[in-house]
Amino acid sequence: MGAAGVPLFDHHAHSLRRVQPDTPEAFRAHFTESDASEIVRGHLGWSLFYRRALADLGRYFGCPPAEDAILTARARRPFGELTRAMFEDAGIGALLVDPGFRAADHYDLAALRGMLPCPAGELLRLEVLAERLIPESDGWPDLRERFAAEVRAAAGRVRGLKTIIAYRTGLDVRNWDAASLAAAFRQTRDAAARGRTRLASKPLLDTLLWTALDIAAEHRLPVQVHTGFGDRDLDLRLANPLWLRPAFEHPPFRPITFVLLHSYPYVREAAWLAHVYPHVAMDLSLTVPFAAHAATDAIVEALGLAPASKVLLATDAFSIPELFWLAARHAREALDAALSIIERRGFAGPEDREAIARRLLWDNAVAIYGDLAKNAR
Amino acid sequence: MGAAGVPLFDHHAHSLRRVQPDTPEAFRAHFTESDASEIVRGHLGWSLFYRRALADLGRYFGCPPAEDAILTARARRPFGELTRAMFEDAGIGALLVDPGFRAADHYDLAALRGMLPCPAGELLRLEVLAERLIPESDGWPDLRERFAAEVRAAAGRVRGLKTIIAYRTGLDVRNWDAASLAAAFRQTRDAAARGRTRLASKPLLDTLLWTALDIAAEHRLPVQVHTGFGDRDLDLRLANPLWLRPAFEHPPFRPITFVLLHSYPYVREAAWLAHVYPHVAMDLSLTVPFAAHAATDAIVEALGLAPASKVLLATDAFSIPELFWLAARHAREALDAALSIIERRGFAGPEDREAIARRLLWDNAVAIYGDLAKNAR
Amino acid sequence: MGAAGVPLFDHHAHSLRRVQPDTPEAFRAHFTESDASEIVRGHLGWSLFYRRALADLGRYFGCPPAEDAILTARARRPFGELTRAMFEDAGIGALLVDPGFRAADHYDLAALRGMLPCPAGELLRLEVLAERLIPESDGWPDLRERFAAEVRAAAGRVRGLKTIIAYRTGLDVRNWDAASLAAAFRQTRDAAARGRTRLASKPLLDTLLWTALDIAAEHRLPVQVHTGFGDRDLDLRLANPLWLRPAFEHPPFRPITFVLLHSYPYVREAAWLAHVYPHVAMDLSLTVPFAAHAATDAIVEALGLAPASKVLLATDAFSIPELFWLAARHAREALDAALSIIERRGFAGPEDREAIARRLLWDNAVAIYGDLAKNAR
């Protein structure tokens, strides 16, 4: 009967922070995509997701639904034990981690694996790789070659590539000539030498993404693409997945499964892409849990045009185990609420609920990324 | 009480295939906008619309809700009798057909009329006409003249024009100078001579559409415009009906009623256009049935900003009678579900339901296209 | 228990007409954003908002829900008394008025204040100010100086600035060089001299807005920005609040609170902006009441990503007291319906309903504009 007993293959998440938050403000900052202290201090108390989170965590820890009480309760438990317990209670059965997010102060994959009660695979965040290679590269052709070599070398190790180009220069990926690329490389390396290592050069990002996609196609690697909302780094107009049409229509990329991450507010657009392109799937992590009650409507919309075999859920959680626990629970709950709406309208019977839930929570991820348990890497 | 007893004026549909599908895969292909065999084979079983379709058809044919059983049941009945029975059961009281869709292997209008239990009128698909005229035209001015002559000649015969320019070069229609048009004509005719007859030249498509609109205005002919989703031929960004503003603001086009077809996902945008422009109406065919349960929300949204006198429903069905039957039934059901939501929120009383249903299903189409029964052509 | 007893701080509205409508058609024209008589005559009877309005007004006046009866009933009562009674019944506790809308035939602020049972503050409509200054200015630098001086002078008097640049040239505000500005000024003043006083010059509008924002930042004045739908003057593509990103990212503008007005259909986009930017809030006036039953969904969406401390409601009413009365009532009703959906999904408890309602209806406006009662100006 629905999503309750179905494990989650959390195909898109991040690692845990080595130093856990110990003040209300530091804890609270994990519950918004805003980097502004005014939001954290003045507005988060009115975020319906955060209010619900406190209520849920109070129940979990058996304490009042208040920051101080929760911080005290979580600090009482050894972090490894807390993590294991919350992952188990959340029914997370497998995990793919993007270790490129604030790597310096998060556990590396080996350490994380040691803490988790489930297998964990790895994703390769392309832009972080490129940033690492720029200072050591000798011109654009050399950068491209090094980048390609590293992506190829990773192909046997990682479960998928991930691009956050939407955060940098947007999804309107274009072709660039050699002169533009050479000039962009020089500017970017000079900026990196002066300490500005964040790669935001459109010629380089566009062309390296295309390079990575060529390799993904050779190796039949899935590629996760950040689409839709996130933090304010992003121009949301350029995060509309419809911009990716040239990549979807490019015949050499047909062996890739593109997984559109998050998708909100472009859920209907993503669902249409998943409807017409065999190699496009969509995900609603970050929408669950950040859009709170509205995540239910996002799932309803997704299952309108997209087949249930093309829609995925995940936590996109990071840094603290509570986010994993909340997002996994809210995903199942939102999915159940969505299925109730769909059932009321006659487009699913009670006998379909668990099968559909299993597709979104587990089976679709296994079909795309493989079974982590069988072939851990 | 609601839509149940109200006939449908199916103002936008296509003809039936002379050779009907006789394998599960061939049958299934009618239930997706995707042209990919992987979708048809691997994903359609997870389409909530298709699952529902099988259940409904199983009930209709009195057989298990499975492809083989349905194929066997439908093959047992003479095709003409099956068509007539399904149209009658679907309560389709009038039909407008775009005969330009895969004309070679579909019944022509005369044959189709012989099979149907209701009157059927004709739409003129502009791009197919242009494609036919290009090889026989002698330069751009000649093409334009021939095109205008044929549109004018059709004006007395057809109930409306239809454009699928969204599928070719998008709705951002522009002005082009004579030199661009002459060059575009030469390229296009050369391509046609080499067998590439699909017209995708933006200068020609934009200018011929404007020519057709001039004639539609003279003859007060309605013009159906494909907007929103469809198959992957289409760049969905350029299918947003908001691009059509220059046409809506062009005073000579005021005698035209523009009917925005499909509209999804741009339902709110289309509803606003229907709210402010007296000569713009919107339709939700293709959304019903392809968006499954989400069609209900589309109707709710449409009736928010658009008056009920500006919203139409149709089947956009093609090739097999089952699509007509399903789409007509799902349209009434989604409309009833939408009216229940609206009623619960206090914006329609029980006494309004049938009147509103009648506007969307029948009266609005009669107001725009005329009464087929009275003046069959 | 919910919004019922909570007063509305109507932070965005207009004045009342000195000559009230006395024919059905003149009355009806206030219930649509369309300027077309065909809409008013032929379609408004099918607007679900208008049908509901007649029913509500019939109950209020104790007469049949028909235009003639309502016109007779309202004409029987002195206009001042009617206004006062409807505002009191609507629970409007404070009002901010944009006096720049059709000022010639509406009461000025002093006269309006004399009629209202609540305090009323003033907004400064920037584009109307610019239009007034153009004929008397001697070149672009002089216009800019006069404009800045008037905005500065108003800063002590008004509660906020308001821009309708979305109605003129869109929200994609750009930088312009001195030569473009000088040329644009000459053209605009020449047009004004020939009677075309409506300012639609992109260089002037963009640059004057930036000038006004600089002053708003100095004085910490809130700035209301028309976004989303309105009448057909507007290219809805360019009314997407996402275009405003350069202003939100401009550090000197951080002291401004930007209030995105209306927002529909870009509600999810506006909610994301309010989620990530501490100085961005969103409003759903005009959506309530013009989107009828769909306003409920807009509130549900807004409260998904935006904290409840960032979402405002208002009437955007104008000309006739009935619009204020209806919009205030529908706002509370839609909010209650939205909170019921949110509660059903577990993201608000019964104990949260009134607190959330109070934020949207009153507290958020006080936080942004100050308390009108305490410090009337």
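Order of writing sets the labels: A, B and C. Residues in every chain begin at 1.
Convention: a contact is a pair of C-beta atoms (placed from the backbone, for glycine too) under 8 Å apart; a residue touches a chain by one contact, two chains touch by 3 or more.
Remember, it's a predicted structure, so these values are computed and weren't measured experimentally.
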(message) Can you report the angle of the rotation that maps subunit A onto subunit C, using C-alpha atoms only, to the nearest 5 degrees?
(response) 120
(message) Given that subunit B and subunit C are copies of one sequence and touch, is their interface built from the same residue numbers on both sides (over half shared) or different ones?
(response) different
(message) On a C-alpha centroid basis, what's the spacing between subunit B and subunit C, in Å?
(response) 38
(message) Quick check on subunit C: which residues sit in contact with 2+ other chains?
(response) none
(message) Give the list of subunit A residues in touch with subunit B in this complex.
(response) 240, 242-243, 245, 248-249, 268-269, 272, 275-279, 300-301, 303-305, 307-310, 341-342, 345-349, 352, 356, 359
(request) Could you please specify the touching residues of subunit B with respect to subunit A in the complex? (result) 32-36, 38-39, 42-49, 51-52, 55, 229, 231-232, 235-237, 264-265, 290-297, 333-334, 337
